[in-house]
């Protein structure tokens, strides 16, 4: 906290110290010890969740099921909602052993544990894909946005090679408050959508393609160099990041 | 229009054709001819400006002063506000010959011609830089955002190598509705700011640095791979794009 | 359609509306609803096939056998020819369950379902490879071109390290109307062939090689930088794209 | 010749040797000496021009005006048409000293010396650009195609960020026999055009843009990875190559 | 030796030759034959270990268990301590067959065989990670440093997205004599730590992340371009190298 | 301060607040306001200089002479030593107008303003270059290290292509406490030196070379992949960074 | 042949045609049909073997055992020696079924079938490796050179991190007529050896290493940028190519 | 010397020490001090020149005329031949002030000072270029080879796009003992030549070209991945290196 406590909060605390309502030791604790606990391999950060009003997020890739279960266990003690991304079925099964509340979104590879209700906004986030193979990344974005309390409108497989399909869905685009465009290969869809709407567009390059797509680099560069204004780009295949940022914008 | 006209508009037009209020020829014109005029080398797009409620933008890099003046001349006939980016002094002088309303923001390298008042929001956009050399890009973002009707709070030279300077400005960060982080070299500032606030962050990598920064690649990759959520990235040195996207979000 | 309907078509439609032969609702439908159906994960585009006079193409990589079967099922209802590329044997077996007409080209990894006869041109497309390992990509091109109604002349393993082998086949090269050159490693064959013929050459870089070929980058760059004129390049290992483009040119 | 002489020609020559109509020495000459002359620094290749039925081409970049003049002088002796690309004004002035027939296309940076009439086809090549800054490359393609005897239809500044401008020109696209798409930045225009027409598309990435366009790499990768079929790609900024290939296809 | 023998040593040896205390043959041997023995596939270098006062190091990656056992066997004859890095469990089991003294650090993937006591310094090396997934690399550094006789203070999972966690551990940072910062993704932690302390920082980029991290390139570039002074960078995932360098500095 | 103040300092301050020796306002100031002043474009950080015991550093590249002079003016008020790197002669002349104490190291492109004496250590830093062209970077390192109070031993032009020259200087290498190796091209010198000494080596890749050195990338990769242990790498051409880190290590 | 037949040969042939000793048909055959036969997937080139005086080479990677066996079968009919590189044990077993003369070099992954004796030169090729992991590539070079009739002197594991080991083997280096240096990681060994000898050095970068070695790129760039003269570089891991080139030089 | 002195030489020296014919001090000097002198910025290496039997080489790029003159002055005292590469006219004029023997090869950008006669071999080195723009690099190679005492046969402008020109020169190729192939763009000429001859080929990629040639990378990769055996590659534009290596091979 110390570092992000504003002047008023600091003044109040110091006055309480001066007046004896708060002991020096307590104040040191307030200023210095943030509420995380040591699991040995990871420090669960309740603080951030409360600050952001969002569920706790676990990025499962590169963690063992055992590690993930320990983190989930800890988080459930505080009755937080949990969003576990990049979760295989083994992760889902592991979490199921801890709680029956776990729901698995297979295509999105997300496990959600819902403990508290979220305030849901009726402003819509449109999630749009160029092709069928981009859907898993799109679902990661969509499920993330839904779990964070947003309405989501899915518009899939409307890539620019058959642009009439995109235009046939233009009402979905026009209706959205924020748009997420998910595309691999040449990533042109982001520019076309960005030129059609006057709302913020989050572009997600995917690794879909082969050869000179270089694992998503072609779509990434295309999106960064878009001739349309109003586009922010996230990492290759980062559906979660797009869903999170779109939600943040949608709830302003 | 055809492609982005919604169902209601289309129906209305067709009914007018049916009832004879609109001739076939007129309808063909409505559906087919969008309001741009041919300058030979460039088609000025009044339509887009009206649709977005924003000033017309001219990206001057790669255009001659003569070409720019022709575009400005055309746009002024429609009484549009104009925002000319990447404009050297020669561009400014050229535009001055057309109108005394032109204002030149030297550091931002932007010329603004203001013809109509903008509705200004009191929600703030914070523009933050890591170093002194990042300021020109930051100013491009800031002047863009201001010209689009936003309040802007500048927090410059607060890079992570002296992180106390950033924290000393944390109230500016907390107060903002949207944040633009402009950084070259290792681009770490985006992650640190992204971890401190729960508002959308637009990250602008700059080409500031040398050697293994590879013209801004180091900052670009850092921002795309940020461990903090809620960050959207624009092209290297793309201050205008950041200001435009931030404004779009800020005015939702 | 709207977007690609020409002025005459539009006029005719509007006149029919005016004269009452077509209702407003019908016209809205004609202008707005393109003929695709929703499979949930993919929208089959009959429209495009009819427009191009070509079989429907399914790019199987990254799709499940189940998804592919659903698409094939749908397409067969319209009696279209089908060309499924990047198809393993499991895909072939899955399609066989739907129709006995499926033929599997193992080296090309293509499944063809033929329902309608194609008009076949007697102008030849030559498909030329540098080495033995380039043959799978070449076959993808050759089978594609054949399925699209072209004669194909295969000239394999005539790389520049033994250039007499290429010259011994020069009559095949001279006879062709369009040429496809498939080469990995240093991709030099495209330039040599391009210098020998005065017909269009489609160059396909392959990922054949190792080390500093960087997955086909060496051949790709060589072909893009060819000193011979009249060469168009497609993506690494994109045999289908080359066959499709060659067919398009051959049938002009 | 030897290497590209077909079997019949060879047989005929040998029979003439056998019958004494051609001496051994003459035959050796026929088989071995191709008609080029030594300028010291460059060997002018009349042979190729005659073979291809095209004007001689001089790529001026990296050559001195003196070298270029020597080549032009030599070529004019054979009454060939000449097409000099990447030619600055100094090159034009140098050639003017040799002949008053030289015409300079300033934007295209091409000098044409016309000595013989070309058979002109009435099938059209459309040359399309995304932006204003792409026009010099487009002009290099257009002037090349015109000089090679093709009709050219220019459709400039119709990038995807304002896609209605592209559709307003769809009749130009539909009318063309071959299309050249010239685009920098994210290069998305190639995919959109490729999805609209069923004619061959030559895509020319340009170096227009900044930052993460990496000198044209973004557009190049986008075009190679296009989701639309029927697209062949040439080198970055290679307008000449595109015009040449399009002409070759157009004249089949 | 010859090459690194200083002038005094050389003089002494030559005087002994002159005085007949050392024979010419012995001197040739001293100057020329360094103490290694030929195992056929690898030459064990006792010399270096003695020179550096450090254990022998075996980099196991790319070596068979059989090769590793031969090297270990040889080294044990000289009673050296052994540090085997990048060692899987099969390597550990293989070494166990040679000696019961082998200890396996599973996370670090290191086998240590301790034969001689090390002089241990009480100056501390802090090993800091951004995330949980960086721990294996950090442990390679930590175990290396410990085996080389240093005290190690582990500060894990304190990445910049929750920077209060880092500050809550600032006393650990301040106490250290040398710091090792291990981070993947955007690698920003190195800059933040480098700005907080006035001690040498060894930065270790890791391959943790996905997409545009390009196997650790993003963190590597970030660390090389750090705006904080006093940072030296080692190879991606090179925990051993960081531990070794830190120890070298710590023991000066 | 707050963030890097340790527990004891915090406790003491709070006790003083409690006891009334320090007012709440003063404590807020102590905790919150760090001693920097606003120059508009840059915040001079006296705090860091005092903390590190080092001169203030100005990185001149990308700053105007006017900006640099303002910073120098400010710093001189606090009687700090100043080290201005990447300084051209115009910078030197600008600083001379402020103070006669400025000394210009031309090859190093460094201006030093000395106001206070430094404690100088007699432990030596060796600065070693592969070639003559690497000397400017080496001098940046050497002058930096000297200005920070270290003895420096220059060993120039001893690259591995003539390795006897390196060995002829081996006593210089052996005598050093820390070594800086400056090399472009293939950067092999770092590995050879790293294998000869048991002291920390700071490797500085330079952009010296051409072609496939890719602006210093070849030397950078070589140094990162060194087979010798105990090497830390800084950015390409970053002589200052090497000198600073070496000094930090040398003064431990 | 045509293309590589010299003037004298051509003249002789034509004279024989003239004199009737050779029929026109025979001459056409001599000039046009080179002695290869069609296996369907590959054309075996006896011609080249005879021309070069070397065994036939089969690059097995990317070919099936069946394809390899067909090629071997064909080659054995002409009693050629055969060198099959990148051959796994399955390839060896397959060839064994055709002939008992096959010998397998496991580390080199080479199968040799010896049918004719080679003239062996007594000039030596030294094959030198930096580390143990480079040995498989070195063996590919060494066995290739031996099979081509050269004496080979192996000097393994003498990398620059312990440069005394290299110098202890300097007599081996001095004795060689051609040297092959095989090294991964930073590839510095090539420069050091190149600086010690005045004989041609063939440098083979290997993919040995990890992280920023980028699959051998670090060693490749280092070798290309070597400050030592007299070094030619082959592809990453291309032991065969080095052995072949060294043999060609050694037998001049 | 020490490091490259063989056993016999060492023994002889030690025996002389033992027998008192050489004093200890002298022997230390012999073993330790190699004959170079310190110019401050560069150590001239007479030793290497004598060892290699070659002229001294000065790489002028990155050195001032003053530095170059000092080196030349020093070298002339030993009556060495001098070869100064990458030398502009200013360098030539500077050297002329020292000696009238200096000859300037303008295209090659080489200055030669000839003081001693070279033994010239009558075995030829062929220097072959793909285009006119490659000639400066080729001349650097040719003049280097000539100055080192080789006959050189120039075959320029015979690139693969007009392959008959290459074949018309096949007798030049067949006659050569070593071949240097200089090519930019796609670098295909190296493979074609390598397939025609059974002599060593040195391939020199040049930076000639534009766009996706990435400063010579396309030709470099093509040459490294050549399907022809017997090719060694040097750095981009490294004509000197190719001439030097070819000479070394030619004089074996």
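Each chain carries a letter (A, B, C, D, E, F, G and H) given by its place in the written order, and its residues are counted from 1.
Following the convention adopted for this analysis, contacts are C-beta pairs under 8 Å (C-beta built on N, C-alpha and C of every residue); 3 or more make two chains touch, one makes a residue touch a chain.
Quantities reported herein were computed from a predicted structural model and do not represent experimental measurements.
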item: Co-neighbours of chain H and chain C - touch as defined; value: D, G
item: Proportion of interface numbers common to chain B and chain D (over half same, under half different); value: different
item: From chain B, the most remote chain by mean C-alpha position; value: G
item: Reference interface A-B: repeating pair among C-H, C-D or B-C with over half of contacts shared; value: C-D
item: Inter-chain centre distance, chain B versus chain E - centres from mean C-alpha coordinates, in Å; value: 50
item: Separation of mean Cα positions, chain F and chain A [Å, integer]; value: 40
item: Euclidean distance of C-alpha centroids - chain E vs chain F, Å; value: 25
item: Intercentroid distance (Cα basis), chain G paired with chain B, Å; value: 59
item: Of all residues in chain A, the ones touching two or more other chains; value: 2-4, 7, 32, 162-163, 167, 196, 211-213, 217, 220, 224-225, 229, 235-236
item: Complete list of chain pairs which touch one another; value: A-B, A-C, A-D, A-E, A-F, B-C, B-D, B-E, B-F, C-D, C-G, C-H, D-G, D-H, E-F, E-G, E-H, F-G, F-H, G-H
item: Chain G residues within the chain C interface of the complex; value: 1-4, 32-34, 36, 41-43, 45, 47-48, 61-63, 67, 205, 207, 215-217, 220, 235-238
item: Touch list for chain E against partner chain A, complex; value: 132-133, 135, 156-158, 162-165, 167-168, 208, 210-213
item: Chain B-facing residues of chain A, complex; value: 3-4, 6-7, 51-54, 57, 167, 170-171, 174, 177-178, 196, 198-200, 202, 220, 224-225, 229-236, 240-241, 244-245, 248-249, 252
item: Chain H partner contacts - residues on chain E that touch it in the complex; value: 2-3, 7, 10-11, 14-15, 17-18, 20, 24-25, 27-28, 31-32
item: Residue ranges of chain G in contact with chain F within the complex; value: 130-131, 159-163, 185-188, 190-192, 194-196, 209, 211-214, 217-219, 221-229
